[in-house]
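Should a chain be cited, it is by its letter among A, B, C, D, E, F, G and H, assigned in written order, with residues numbered from 1 in that chain.
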Amino acid sequence: MLFANGDKVLFTGDSVTDAGRGRPVGEGLHAGVGTGYVRIVETLLNVYYPERLIQVSNTGNSGDNVVSLKARWQNDVMNLHPDWVSVCIGVNDVWRQFDSPSIKSQHVYIDEYRKTLSELVERTLPSVKGMILLSPYYMESNREDAMRAKMDEYVAAVAEIASKYNTHYVDLQAAFDKYLTYRHSSFIAWDRVHPNQVGCMIIAREIMRSVGFDREFL
Amino acid sequence: MLFANGDKVLFTGDSVTDAGRGRPVGEGLHAGVGTGYVRIVETLLNVYYPERLIQVSNTGNSGDNVVSLKARWQNDVMNLHPDWVSVCIGVNDVWRQFDSPSIKSQHVYIDEYRKTLSELVERTLPSVKGMILLSPYYMESNREDAMRAKMDEYVAAVAEIASKYNTHYVDLQAAFDKYLTYRHSSFIAWDRVHPNQVGCMIIAREIMRSVGFDREFL
Amino acid sequence: MLFANGDKVLFTGDSVTDAGRGRPVGEGLHAGVGTGYVRIVETLLNVYYPERLIQVSNTGNSGDNVVSLKARWQNDVMNLHPDWVSVCIGVNDVWRQFDSPSIKSQHVYIDEYRKTLSELVERTLPSVKGMILLSPYYMESNREDAMRAKMDEYVAAVAEIASKYNTHYVDLQAAFDKYLTYRHSSFIAWDRVHPNQVGCMIIAREIMRSVGFDREFL
Amino acid sequence: MLFANGDKVLFTGDSVTDAGRGRPVGEGLHAGVGTGYVRIVETLLNVYYPERLIQVSNTGNSGDNVVSLKARWQNDVMNLHPDWVSVCIGVNDVWRQFDSPSIKSQHVYIDEYRKTLSELVERTLPSVKGMILLSPYYMESNREDAMRAKMDEYVAAVAEIASKYNTHYVDLQAAFDKYLTYRHSSFIAWDRVHPNQVGCMIIAREIMRSVGFDREFL
Amino acid sequence: MLFANGDKVLFTGDSVTDAGRGRPVGEGLHAGVGTGYVRIVETLLNVYYPERLIQVSNTGNSGDNVVSLKARWQNDVMNLHPDWVSVCIGVNDVWRQFDSPSIKSQHVYIDEYRKTLSELVERTLPSVKGMILLSPYYMESNREDAMRAKMDEYVAAVAEIASKYNTHYVDLQAAFDKYLTYRHSSFIAWDRVHPNQVGCMIIAREIMRSVGFDREFL
Amino acid sequence: MLFANGDKVLFTGDSVTDAGRGRPVGEGLHAGVGTGYVRIVETLLNVYYPERLIQVSNTGNSGDNVVSLKARWQNDVMNLHPDWVSVCIGVNDVWRQFDSPSIKSQHVYIDEYRKTLSELVERTLPSVKGMILLSPYYMESNREDAMRAKMDEYVAAVAEIASKYNTHYVDLQAAFDKYLTYRHSSFIAWDRVHPNQVGCMIIAREIMRSVGFDREFL
Amino acid sequence: MLFANGDKVLFTGDSVTDAGRGRPVGEGLHAGVGTGYVRIVETLLNVYYPERLIQVSNTGNSGDNVVSLKARWQNDVMNLHPDWVSVCIGVNDVWRQFDSPSIKSQHVYIDEYRKTLSELVERTLPSVKGMILLSPYYMESNREDAMRAKMDEYVAAVAEIASKYNTHYVDLQAAFDKYLTYRHSSFIAWDRVHPNQVGCMIIAREIMRSVGFDREFL
Amino acid sequence: MLFANGDKVLFTGDSVTDAGRGRPVGEGLHAGVGTGYVRIVETLLNVYYPERLIQVSNTGNSGDNVVSLKARWQNDVMNLHPDWVSVCIGVNDVWRQFDSPSIKSQHVYIDEYRKTLSELVERTLPSVKGMILLSPYYMESNREDAMRAKMDEYVAAVAEIASKYNTHYVDLQAAFDKYLTYRHSSFIAWDRVHPNQVGCMIIAREIMRSVGFDREFL
C-alpha cells in the first residue's frame, strides 16, 4: 500500500470532497475530515493499517471548479506540505454549463480545464511522493445525455493528464457506470452528483484499489 | 375560462403541489398556497380575472403517493366542498421503487395506482363541477431510463382515467419533454422532480391552457 | 423582444427589487434573484425564450433611496458591465417624509431626486444597450392622500427623465391604479408598497410589455 | 375614575389588544399584558393611582373576529369573573373582505357582526360593573376608501350597541381621524391597522378619558 | 415646552437609557429608540405636539459608567449635533462597588465621577440649546442601605453640576422615593435599577415636567 | 452525619431549589439536580463521603408557593419514597404580595402558609427518616423593609413548625443576615432572592451543618 | 451470506445502535438508519450485494438497558416482522452501576440481564430466520478495571445465551481488545463506549464476518 | 491563607480551567470565571474570607497545550498584572499523542513541555507574589495504561519545576488517584479528563489546602 507510516495524505476538490470538513484544514478530532468519502478512506486506513500513522487532511471546498481551486492551491495544498495529494475536480466546471447556462463566468470549458489541472499537477509533483487524480463524473448512465457527454470529455482529460504525468488515476465515472447497471442513479444521489454513503463507499473503494490496499477485509 | 366568480378550486397531490403551503388548509394570507405552481395559478387568476373571486386552496402533502392521498381524501378534499379539484399524484409511487428499492411498503405499483386514482375520481366527480388530472412526470429526456420508462406507464394510466371519466387532463410529462429540447433537466430541477420557478411556470401554463385561459397576456 | 441571446440584464433599486436576493450580486442558483418581480421576469424569459441565454442580475437593496443608490452605483451597476439596466427607485425617498417626518436626513426631496436620477442615467447610458426606468408608486387610489400626491411628483420626474434621455419607461403607478379599480390595495400589499406575488406579476407584466414580449402566452 | 381599589379589568379583542400578551391569560409579571395599548393603560393606572390595586388582564387574540371571539367568550371572559370588560373587535371582520375577498368563510358581514356583538354585551352586562366598547377603526383618512367606508358601518354599529345597552363607548376611529390631520397614517401604522406606540398611546388616552381619569398628569 | 419644531433631542447614558435601542444610533423606524423611557418621551411628544417635528435619538449603552461614556462622547454625542442633550449616568459607577467589590477597575469613585461629568457638560454646553441632567438612583427606600447612601452622594453631585452650569435637572431618586411610599421597590424593578414600564413612565413624566410640558393630558 | 449509605434524599421547593434541574425528577447524569444549592450539597456528600452511596433528588419547581407545592406533593414527594425530605418554600408566597399586589390569586397569606406547610409535614413524617425545613428568606438587611418584615413572619412560622414537629431546621435568613454584614446584598443576588454560587454555598453549608457533617474539610 | 434477496434485517439496542436514526423506525431516505455501525452494514450490503434487495431497519434507542428494551420489544421488534434480528444491549446495564452508583433504579444486575435477554431471544426465534447477538463491551484494555471486569460477566452471558439458543454471536469486546493493542482507547472513543467511525467500522466488519460476507473487497 | 485583601489571583490553563469563562478575561458578573474549579475556588474565598476582597480572574483556553499557552502568555497573564498565578497545563500535550497519533503538530513531547513550562515560570516569578503549579492528570487508576504512564512523566516534570523554582505545587493526579479508590473514573468524568462538579470540588479543595485555607468549614 502506497502510504507509509508517517505519511501525510491530502484530499482536495469540490463539495464531493468537502462534505462538511472542518476549517481551515479538515483533520483531527471533532470537525475532522467531513462525512464523505475522505472519512471512509481515513477509517479504512485506521482499521486495516493500525500500525501505520497516516495523517489524512481534507481541503475540498463546496462549489469549486478547477479555476477557483487553482486560486487557493498554494494555501490549501502546497503550504500544507503533504506527501500525497488526491484531487477530484471538474463536476462544477461542467454542471454550471447546464444548470446556469446564461452565467458564463461560472463555466470552465474543456481547454481551460485541461490546462489548469495540468498546471496544478506540474507544480505539485516535484514536492510530493505522488498524486492521485480522481475523474469527475455524472451518475447518469445515458451517455447521450448532454451533460454526461460533456463530462466524458473532462473525464478523458483527467485520464490523459494522469497518463502524461504518470500519476495514479481513479476512474470514478467507470465505477459509477458499473454500479448503475444494478441500481438506478436516484439510489445513490438524487442530483446525480452528491453521493450518499453508498456512493462514498464506492469512491473510497476505488481509491483503496488505486493505492494498493493489501489487507484481508475480514 | 372554466372557473366562474365564486368558485372554489382545490389543488392536491404530493410535494410538487405542497411547496410549503399552510396547514391545515393552504389558502389565504401568510402561509397561503405555498410557493409552487399553485401560487402561480392563483396569481394569474387574480391578475387576469380580477373581476372574478376564485378561492384557491392547496392540500398537497409532501411525500404522498396515491395510497396515502386516498387515506386523507375525505378530510382534505371532500370535506372542503370544492367546485373544482386538480390532482397531481404518482411521482413518489414510482420514485421509491428506484431510490428505496428494498423498502417495498413505500412502493405503489401500476395496478394499485390505476385502481386507486380511478376510485378517487369516481368518488369525487358527482359533487364537483369538474376535475383536472395532472400527469406525474420525470424530467428525464431519456425514455430508456428505467425510472422514466416506468413513469410513462403511470402517465398513460392518468391519460386513460381522464379519458374514461371525461375529466380535464394535463400532460406535464409532454410539457417538460418539450422544454428539455432547449435546456438540460438540471436547469429546472437538480433531482428531475422538484421544479424551480421555471418548472412551476411551465406547470401553471399548462393548467391555464387546460382551463381555457382567454385573456390577453399583455 | 429587446434582450438578445447573451445579453446581461441588471435590475436595481430598493426593497421592492431586492426581495431577498443573494449577495453580493443576486443571480444564479440558490440565493438567486430573490422572490420578487425580478424572479418573475427571469422566469418568463426562460420559459418563453429558452433558445436565448439571458443573464439576469439583481442588485436592489432594501431601504435605498436614490442617494444611497448613487453611492453604490459604480460597484453595483457599472462594474458589472450589464447590457441593460432597469432601475426602480423613489419609494423610500418619499415614504420617509411621511413615516419619519422628523428624521430629515432620510428624506430625499424632489429636486435632489430628479437631479440624482438624471446623473445616474447620463452616466450609464453610454455603456449599455438601453435603460428601463420604472416609476415609483404608492398603491393608494386616493390621489389626494398626501403621500400619494407627493409620489405623483416623483413619478412625473421619472417620466420626464425617461423622455429626456429616451429610455424605456414603465409607469407602475398607472398599472397599479388600474388594478385598484378591481381590488382594494390591501389585497396586493398591506403597507401599500411591498407587493405580494400578484403585485409582482403586475410589475413583471409591465416590464415584459415594455421590452417587447412577443411570444404566445399559451 | 371608574375602577375602584380591588377591581379586575379585562381587555379582550384581536391582535390590536393581544400585542404579544402571555397565555393563557395575559397578566402579571413577565409575559404580562403584552406590549400594546393595554400595557399603557395598566401603566397609567399604576403610576397615577398607586393607592388603588387594579388587576388588569388581557385575553385579546390575534386574528379574531367577533365570531371567533364569541366562541371563546365563556372561557376567556366570563370564567375570569372581571368587574369591567373592555372589548375592541371588528377590524378583521372587515379587513378580510378586502385582503381576502375570495375566502368568504373569513368575512363577518354587518348584520352578523351587530347581532353577535350585541349578544356578547347582553350576556356579560349582568355579571359586571360595566363594559367599555371600543370601536374598530381603519387609519385611513379618505372616507371614500372602500374599506374605510365599510369600517364606518361597523363603527356605527358599535356606537348603537353602546347606546342601546348604555355601556361606555370609545370612538377610536374619531380619535385617529383627528390625529391624521397632523400626521400621515404611515406614521402610526404601515398597514393602517396595527398601531405603533404612538397609536397605542392614543388608544390608551381615549380609554382613560372614557373611564374618568382625574389626576394631574404632571 | 422647550423643544421646538425641528429640534434634535439626544438621550444618552447606560442600560436604563439604552433599553435595546438600534445601532449605531437609536432612532427612526424598526429598532428605534429602544423600549425604555426614551420611547415614552418620544411617544408623548408625538401624541401631544403633533404639529412639531422633534427628532429623538438614543445613544445609551448598557453597562456604561461616566468614564466609558466619556470615551464615546465625541462619537455618540458631539458628532450627532443635537440641539438638546439629556444624560443619565452613574448607576454602574456605584453598583459595581457593591456587586463586584474586588474588581476595582470597574468602580468610578465620587471625585472622578464629578470631575468627568462636569467635563462632559462643559464640553457640550457651547454647542447645544440646553442639557438635561438626570440623577442616577437606586430604588431603595432605606437611606441607610450602603449602596443607597453611596448613590445619594452621586445624586448630590449631579444636582451640584446642574446648578453650577445652569442646566435642567431631574431628580429621579426623589421621584422614585415618592412612588416607593405607595408600592414596594420589587413592583417596579426586581433589581432596584432596571425599571419596568411603570418605572419608565415615572422617569418620562419627570422629564416632561422638566421640559415644560404644557398640553392637556386628556 | 444523618444520611446513611443507601439513603435517598429529596430536596423540593421553588426556583431557588429548582435551579434548572432535570424533569420529571432531577437526579442522575446530564440534566441532574440543577446548578443551585442542591448540586453543592450532592457534591459535598460525594467528595466527603465517597464510601456512602446517597441518592440525591430534586423536585423544586420555579414559581411555586406552598399551595402549588401541595398540589404536586403526592407525585413529587410521596411517590418517590425518599428517606429524607428537605423543603424550602415561602419566597413566592410573600414576593407576589409586593411585586404583583393586584393579583391576589398569587398571594399566600401567613395563615394559609402555616396551615399548608404543617399539613405537608404531618403527612410526610410517618414515612420518612426525617425532614429538613429551610426557612424562606429575603436578602435584605433592613428589617423595616415591608417585604423583609413580612418574610420574617414566614420565617418564624417555619421555625415554629420545625419545633412543633421536631424536624431539622435551617434558618437561611439568619445565615444571609450574617453574611450581609460583610457584603452588600447585590453581591449575592441582584433581586435579593435568587442566589449566585456564593449564596448557594452559604445555603449548602447551613444544610451540611444541620445534617451533622463530620469530616475534615481539607 | 445469510441475508437473501427480499430479507428484512432489524438492528436494535442502545445509543451505540441508535446513532441518530429516524423515528419511529430508522430506515429509508433522509433520517434513515442513523450514522453509526448500522449505516456501515447497510452500505456494505448495498455496495457488495447490489443484486439483492435487503431492507435494513434500526430501532436502537439511546439510554436503553435490557429492561427498557424489553418494554418496547413488541412494538419495536415483533410488530415489524423482520427476517433477522441483531441486538446489542448491556452497556448501560453496567455503566450506570459505575457512573451513577447511588441510583439503583438504573442498574440492571447480571441475573436480571441474563434472564431478560434470554426471554427476548426465546420469544423472537420462532418468528425469524435467525438472530445475531452482539456482546456489549467497554473499550478498556485493563481487565482489572472494575467496570471492565463487570462488563466481562455480561459479555460472557451473551456468549452463553447465543450458544444455548444457537444464534449468531459477535464478540465485540474481543474485537476491540485486539484493536487496542495498536491504538489507545481514546483514539476510538473518548468515553470508551460511543465509537467514532473507526469503532463503527470495526463493529460492522465483525457483523459482516458473522453473516458470511463472501465478496471481494476490491 | 496566602491571598491578602486586594490581591489579584489569576488562573490559566486549558479547558479544565476555561470551563466556559467570559472573554477576553473571565471575571466579574455574568460570564464570569466559568463553571469549573475556578468558580468553586472563588466561591470559597468569598464565603470564608468575606472581609478580604480578592480578585479572581480566569484565562484558561480550551484546547491549549503548553506551547499555545506560551504564545498568549504576555497578553493573558503578564499584561493583567496578577499577584498570584495558578497554571494547570499538560493534559492536551499528552492526550493528542493518543487520540490523534498521526497529527504530530498537535503533540508536545516531554522535553519541550518541561522547557516551555520552565520558561513561563521563570518569566513570571519576578513580577508576582507567587505561583501555584497544578499537575496535569488522567483519571485512570491503571498506571500501566499508556496514556496514564505518559501523563506521569508530565506530572513529574511539573513537580520538578515547582521544586526547582520553589513555587506552590498541587498534585492533582494524586488527589484523583485517591478518590478513584472509592469511585470509578466514569463517576467524575466520562472521558477521564473533564471533571464534573465532584471533580472540580476535588481540585478546588487541593488548591485551598495549598494556599493555606484556615477557616472553619462549618
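Definition applied: contacts are C-beta pairs under 8 Å (C-beta built on N, C-alpha and C of every residue); 3 or more make two chains touch, one makes a residue touch a chain.
These figures come from a predicted structure and were not determined experimentally.
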Item to check | Where chain D and chain F overlap in contact partners, by chain label | outcome: E
Item to check | Length of the shortest touching-chain route, chain C through to chain H | outcome: 2
Checklist entry - Which pair in A-B, B-G or F-H has the same interface as D-F, with over half of the contact pairs matching by residue number? => result B-G
Item to check | Fraction-based call for chain G against chain B, same above half, different below | outcome: different
Checklist entry - Computing the C-alpha centre of each chain, which chain sits at the greatest distance from chain H? => result B
Checklist outcome for this item: Whole-angstrom distance, CA centroid of chain C to CA centroid of chain G, is 62
Item to check | Between chain A and chain H, centroid-to-centroid distance (C-alpha), Å | outcome: 44
Next on the checklist: Touching at least two other chains at once: which residues of chain F meet that condition?
Outcome noted: 99-101, 183, 187
Item to check | Listing of all chain pairs that touch each other, if any do | outcome: A-B, A-C, A-G, A-H, B-C, B-D, B-G, C-D, C-E, D-E, D-F, E-F, E-H, F-G, F-H, G-H
Next on the checklist: Under the definition above, what is the set of chain E residues touching chain C in their complex?
Outcome noted: 27-29, 53-56
Checklist entry - For chain H, which residues are in contact with chain A within the complex? => result 99-104, 106
Checklist entry - Residues of chain D touching chain C in their complex? => result 95, 98-101, 141-142, 144-147, 183-184, 186-187, 190-191
Checklist entry - Which of the residues in chain F come into contact with chain H in the complex? => result 35, 39-40, 42-44, 46-47, 50-51, 179, 182-183, 187, 197-198, 201-202, 205, 208-209, 213, 217-218
